[in-house]
Amino acid sequence: MDESSGPPASTSEPETPRGPLDPLKIPRFAGPSTFARLPRLDEVGRADVAVLGVPFDSGVTYRPGARFGPIAVRNASRLLRAYHPGLDVKPFAAQQVVDAGDIACNPFSIDEAIGQIERHATELRDEVGRLVCIGGDHTIALPLLRSLREQRGPLALVHFDAHLDTWDTYFGASYTHGTPFRRAWEEGLLLEDRSIHLAIRGPLFSAQDLVDDASFGFRIVTALDILSEGIDAVAGRIRERVGDAPVYVSIDIDALDPAFAPGTGTPEAGGMTSREMLGILRGLRGLDLAGADIVEVAPAYDHAEITAVAASHIAYELIALFAADRT
Amino acid sequence: MDESSGPPASTSEPETPRGPLDPLKIPRFAGPSTFARLPRLDEVGRADVAVLGVPFDSGVTYRPGARFGPIAVRNASRLLRAYHPGLDVKPFAAQQVVDAGDIACNPFSIDEAIGQIERHATELRDEVGRLVCIGGDHTIALPLLRSLREQRGPLALVHFDAHLDTWDTYFGASYTHGTPFRRAWEEGLLLEDRSIHLAIRGPLFSAQDLVDDASFGFRIVTALDILSEGIDAVAGRIRERVGDAPVYVSIDIDALDPAFAPGTGTPEAGGMTSREMLGILRGLRGLDLAGADIVEVAPAYDHAEITAVAASHIAYELIALFAADRT
Amino acid sequence: MDESSGPPASTSEPETPRGPLDPLKIPRFAGPSTFARLPRLDEVGRADVAVLGVPFDSGVTYRPGARFGPIAVRNASRLLRAYHPGLDVKPFAAQQVVDAGDIACNPFSIDEAIGQIERHATELRDEVGRLVCIGGDHTIALPLLRSLREQRGPLALVHFDAHLDTWDTYFGASYTHGTPFRRAWEEGLLLEDRSIHLAIRGPLFSAQDLVDDASFGFRIVTALDILSEGIDAVAGRIRERVGDAPVYVSIDIDALDPAFAPGTGTPEAGGMTSREMLGILRGLRGLDLAGADIVEVAPAYDHAEITAVAASHIAYELIALFAADRT
Amino acid sequence: MDESSGPPASTSEPETPRGPLDPLKIPRFAGPSTFARLPRLDEVGRADVAVLGVPFDSGVTYRPGARFGPIAVRNASRLLRAYHPGLDVKPFAAQQVVDAGDIACNPFSIDEAIGQIERHATELRDEVGRLVCIGGDHTIALPLLRSLREQRGPLALVHFDAHLDTWDTYFGASYTHGTPFRRAWEEGLLLEDRSIHLAIRGPLFSAQDLVDDASFGFRIVTALDILSEGIDAVAGRIRERVGDAPVYVSIDIDALDPAFAPGTGTPEAGGMTSREMLGILRGLRGLDLAGADIVEVAPAYDHAEITAVAASHIAYELIALFAADRT
Amino acid sequence: MDESSGPPASTSEPETPRGPLDPLKIPRFAGPSTFARLPRLDEVGRADVAVLGVPFDSGVTYRPGARFGPIAVRNASRLLRAYHPGLDVKPFAAQQVVDAGDIACNPFSIDEAIGQIERHATELRDEVGRLVCIGGDHTIALPLLRSLREQRGPLALVHFDAHLDTWDTYFGASYTHGTPFRRAWEEGLLLEDRSIHLAIRGPLFSAQDLVDDASFGFRIVTALDILSEGIDAVAGRIRERVGDAPVYVSIDIDALDPAFAPGTGTPEAGGMTSREMLGILRGLRGLDLAGADIVEVAPAYDHAEITAVAASHIAYELIALFAADRT
Amino acid sequence: MDESSGPPASTSEPETPRGPLDPLKIPRFAGPSTFARLPRLDEVGRADVAVLGVPFDSGVTYRPGARFGPIAVRNASRLLRAYHPGLDVKPFAAQQVVDAGDIACNPFSIDEAIGQIERHATELRDEVGRLVCIGGDHTIALPLLRSLREQRGPLALVHFDAHLDTWDTYFGASYTHGTPFRRAWEEGLLLEDRSIHLAIRGPLFSAQDLVDDASFGFRIVTALDILSEGIDAVAGRIRERVGDAPVYVSIDIDALDPAFAPGTGTPEAGGMTSREMLGILRGLRGLDLAGADIVEVAPAYDHAEITAVAASHIAYELIALFAADRT
């Protein structure tokens, strides 16, 4: 059927990617809870893009619970369909997309978990071209960047978040959800003068936060800037900042206003709408996207899946950007 | 009392419409659960406008529950007041508005329910000028359009929705909440080149969906278009599209973003705000509105009535448009 | 590790059942969303017991939403562990238990869905000894009984429910969630004088309901009887009623009080506690259990998974009863 | 149809009470939001029993919100059916039961509201035999008792509540939800040594509370007593206490444990179950019930209507007791 | 530590304000529930700014519950930090800010409560420069304005609200949450032609409401105006209106759309976003702010604290404006 | 006033304990969020009993969030009153009870946090006789027992919980919420043959769990035992087991059924009611209670505070037991 979102589940020729279950044969409320009801990695052997769960939240400073983020985002992704009209691309047909399951992280040791995440991501790259990781808290971005740097060298970072996440330590801990990008800069994972924060807002600990952050190579587009400049201008600022560098996109769901993403750990009023987020991402077509994460979805604070639905649509938008590169 | 939203409940002269209960005598949390605490149709005998519940949701493909939509919208409508400052009209005084109760639809047979809805709506037109129907799922739009076509001939359709609803079949079923407007086109209920979708977003099954949809005479204004163009321009596009044709306005509450309408069956991130919706509707003053529906309010997923409040304000805006025509 | 709930996931010798993922290696909030994180049927080829989702709810008369029951119960089952101390048995080691996925049912045709369920269940029995089905609404019990009758002949029915479910028709529909056991009796699926309802309470349509029900071979133990007699006496009444007949256990989650199971479609005050339910089931050890279902979990009305947790523990109790027979 | 819960809605002979809408013709999620979908008082002219809403909550000391109780209880009552098997009676056929709407109480003046309630209740008695009132907070019991005393003389009081409600004043206010029964005693509305509190628990202000309470003629059965003695013994204690006096039954929904009634204003752990409540009420058959109220349902704190469902079943039980007297 | 938001809690020299607890020593989910974890007034003796709770909600006409507003806003304020980058100010270091606790208001007497509020606020001014009051319902604005008028003379009013709050009486009550600003005008508390309403929307009782309102010296900026004009223009209109008069800012949280503030008593669709609110407030730097309130936060209707988080950020913005004046 | 729950807040003679704020002067929804609105430790200098928050949840294996337990329990405790009729004691008058605030625990290091808890508890004992600690997860029981052993020597343990909490390690971590009592036994903190678990239920990892547990000196009373034996018999078993040894009572709120305590991290169906819990505790009067904790209240999963209300009443019961010893 032309309505099908890919070939039948039983075929698996290398040239034709295996897509999600056909929603006209198996209702979307039935069938396995993989992302978008896509095949598992072990079913197809290799993939261009994998969605990978990283259920780790021991790095949070306020509300925990993002360990249940992958379950929630997968479930909310049942509603996704096969064709992206904005980019005129079939993200699951133009490339093989799979669900690579979850990384088993030790919840009692941040250090061990970071190692597990880096190793697992690196190993996956033998089978998978690019990863879209679903957190978990923002701590996970550091090991994912470490793994990606081995493959692609230093990266530009496009970072959507209410918070800078370039603080130094909390309670003596160097690796937390508030520090990944300072560590990343210190470790040489980021390119100079290529990175940008978006949707920043709310109070900081001190003015020094901004001085430090700038010294790590970041520019800041605040949530109010997005309102006043509009999404096309903001997409333009990102493209100009990043240029042709390989880019990692890291999206803390709290970039969205709590109205759009109540299910998160450190909510800040005055955030973006999900429409702005999707519109800006769409404007990034053509960038050299190396990988991405979507973090800080804490389902215990969500309602009617609105946070998880937003996160699953963001993941879909990223996967569509990967596909748009190919077409 | 001049604060009263209509004449005392005990009067019923034909020339003075009977309005809602006086909120300064009977608190708004008391009294019957009719829409806006208006009189029932059987109390006044005839009406210019009737609010009619259509609690049917057996046509849904994902989350059911819109069968409880009429109860929820009526309850949230208790807060409505008598004077609409934006249109400078008293919607319940300029015309007789009533609550016409619910259609009793068979939940176990889509075909029988569609017949019941069409018959009931047609019969009501002996007593009522125009109907604002509260769903229920979007399946109900088809029999409502059938009934209206008998009276007014083919119509222009102004359709707010995240989804096109012009698909063909689901699981072999021709009449579902995803197909009403394809059926309507096939049955000659819609005028050529007069219809328009608004707030469309999210993935489709295939690019063919757009080709088909255009062939049925629809234009598309996406949710991102609304953000970039602004509500006045969008209202202008609708007016231009519709011209002086009789218009049916069909509003799937999922046109709103899940932040504004969590209580719905197939949520899509990136939607409209309720402010945009109300502002665009206000811009339609002067169109020849023949009827309207508001569908897909699923209260089990709502919180603090925010979806139902939005739907009740939308219904009020439509009723005010009817009244504005008269003044 | 002796704490492991089965052999490592990579082994699959026929003599040693493959159990759930080891919770000490993969946290219970990670890994696939199969029931109890057990292997899928296709991973092990055959099984003694399969958990099967039947996401169908088009037979409900009030609140729909049980189509999301299998997703919710699987997710809540992540907390289950390997050893049942009350029965002194390892349910996942004494027998091969798997997750057999969901039946794809047509949500728009009760008749077609009933056929799909019966066929699917019958086909599964080539690979699976016994089924524990997760609904979905109570309509599904009829095709499951039909399928089982072919294998085992007429059955005794142990039915936990607030409602008799032996009504005749609703809106002309013979097959709904209120009628399965009248149909089952009429079709000869049930043994004479061997069946029993438990937790019945609340108002009926008429006194004739009781007369009819008795004529179909049922005894009734009300929710108040359970309070006054205690769980051991009630278990004894079931055992006496059933004798050595093959038994089908059908559990509508609304047998529990709404406090224990808010997430259901037709709640009735005055119900059982989950402790009573688990205690009575434990007292059924030694009966010839042929199959079971747990139905009417409607997650949109649940809170903090309390309904789904109760349902997953009930499923575990049933699986443990199967295992206890073998040891 | 014999399943019908009364004669067709169009008939209204005086000898045959007009019952609820037929649920097999009009689904229970459709139709007007009267209690149990019964006729309104103005439709039938007179009634044996009326359900009357008293949406007043300005007498509460902690969480307000019971003003929305009547709306919530009516909505939850849609699930009630026509035949009570425990008492073998058809409560809506053995007597004419109606919904008498709400009393419009001034939310800004306790004194004025108390007057409005007393007058309205007294006036209703010209048309209605007995009232079951839905609060609102417990303040409303005082004017209801005053009105009833005029008709029946002093009464015995059977009072289910976590709290004594015989305190003196709060913040200088004599009429609040914590004081109605002290006022009632002082005003001579209660018989000597005929009254009883049930489900009392939790801390008091001082030991003097118990001394005062006893001096007003009350006995106390605590929530722990109900657990240890069982419902039959407790019903016996009530019957013995009350004897053949006319009885007013006043049920604060917080008599139930917060698990069974989260939607209330002053929750206390350690309460009754709804099963115990219904069972004890059933044991009161034959008492001379003069009237009843069910108060303190605060829907903003409810979940999935479990509090409102419990309250509507309690109201049904009381109405059935009225009917049982007649048969 | 330079990240600290003030000197250690043990120091209290007059010249260095004592700030919130250090979040890097005491996690933000620990420690006392004062606003922003600031010191109490009794700990520091005097203050430039005090946050004062006014838990009174007996003046509401629809959903009560704002009496729990101060608890909720304080709890949500735990996430606030020390430095405001938008205004480049440290609000808790540039001035001594404290939590002054709650006013104990009589919930059973509006008149007595109004007196208590005025007296308490007036007394506090011996120790505190300016107050940010957390309601409670909007009734409290009147006594706060009365108290402030004694100190500063008549004021300009900047009023964010869905509603005008210049109605006359409800149920004969002159002092309610819908009337404070009519009373304030009548009592001479407001300057002529200096006041402005923002975010007004939704239906009114009658056109006369607008006539009256204008006669009290108000201009209206509707919620749709804010969308079409943008926040900078709106801030400009406020500044122009107010000029150099002393200003009282009164913020009903229902100025925000229900999506952003579900936890409120009289929700109206079509409201502002929290981003717009914060952006407009920021644009008021330099006005002579005399005091402020944030009212109508009703936590029972909130979800995941999104309303309370928005309110706490608004309070922070106001406190930062006070601080910006000083630097 | 004799209704007052203690002397006026301004007095502080050593012989008369300072009690909670007077609820008849300061409404219970106003005033500081200390436990039961009691004075802080720093206000009275010393105390017989202190309620101490331990907001630490980094030892959990499933749902985190108990770090917000102290905030939630304190807030729910606003409803407590001064006199305990069951024990005929005024818990806040017979002894000085205070709120000792929270321990600031490092959320990123279990080891450091355990040290902080032990030190803080030990230091407090210079000023406070006995502690009732509010968790936090069950990890905190170990350092609290260590601290108490120094003072009182080895203890008997009365442990209410769904789980044994005597497992060995998770993911290599020795100190988690599943292991405190194995560690306590190994460290000699517990007396031989004096300890008892209550409310145990649900599956275990292996039968060896029971063998190990017994070897550490525990007896087990299951949740089903409590149902069948009744609360008096169970209290008797505890008393017999404990004898005259000093006792530590550790209450995991998941001992209660999820219906009574949804707000917890590892829910198990089939649990106790809150009435049973309070009744059994009452039966422990006369034991030599050395200290207590109430843990695993995770507010993000709570609804309408029912879990927090239950926990606050349990804390009150324990404090009343301390007081009963003195009288």
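The first chain written gets the first letter, and so on, giving A, B, C, D, E and F; residue counts start at 1 in each chain.
We take it that a contact is a pair of C-beta atoms (placed from the backbone, for glycine too) under 8 Å apart; a residue touches a chain by one contact, two chains touch by 3 or more.
For clarity, every value in this text was computed on a predicted model and none was experimentally measured.
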Checklist entry - When chain D touches chain E, do the two copies use mostly the same residue numbers, with over half shared, or different ones? => result same
Checklist entry - What is the chain whose Cα centroid lies farthest from the Cα centroid of chain F? => result B
Checklist entry - What whole-number Å value describes the gap between the mean CA coordinates of chain A and chain E? => result 37
Checklist entry - Between chain B and chain C, what is the gap in Å from one C-alpha centre to the other? => result 41
Checklist outcome for this item: Residues in chain D with touches to at least two other chains are numbered 27, 29, 61, 63, 67-68, 107, 170-171, 257, 259, 273, 301, 303
Checklist entry - Chain pairs in touch? => result A-B, A-C, A-E, A-F, B-C, B-D, B-E, C-D, C-F, D-E, D-F, E-F
Next on the checklist: Quick check: in the complex, which residue numbers of chain C touch chain F?
Outcome noted: 2-3, 5, 23-24, 27-29, 78-86, 88, 90, 230-232, 257, 259-260, 273-279, 282, 303-306, 309-310, 313-314, 316
Next on the checklist: Please output the residues of chain C touching chain B within their complex, sorted ascending.
Outcome noted: 57-61, 63-65, 67-68, 106-110, 112, 170-173, 176, 300-301
Checklist entry - Which of the residues in chain D end up touching chain F in this complex? => result 61-63, 167-171, 201-210, 222-224, 227-228, 257-259, 262-263, 266-271, 273, 301-303
Checklist entry - Of all residues in chain F, which touch chain E in the complex? => result 25-27, 29-33, 53, 55, 67-68, 70-71, 74-75, 101-105, 107
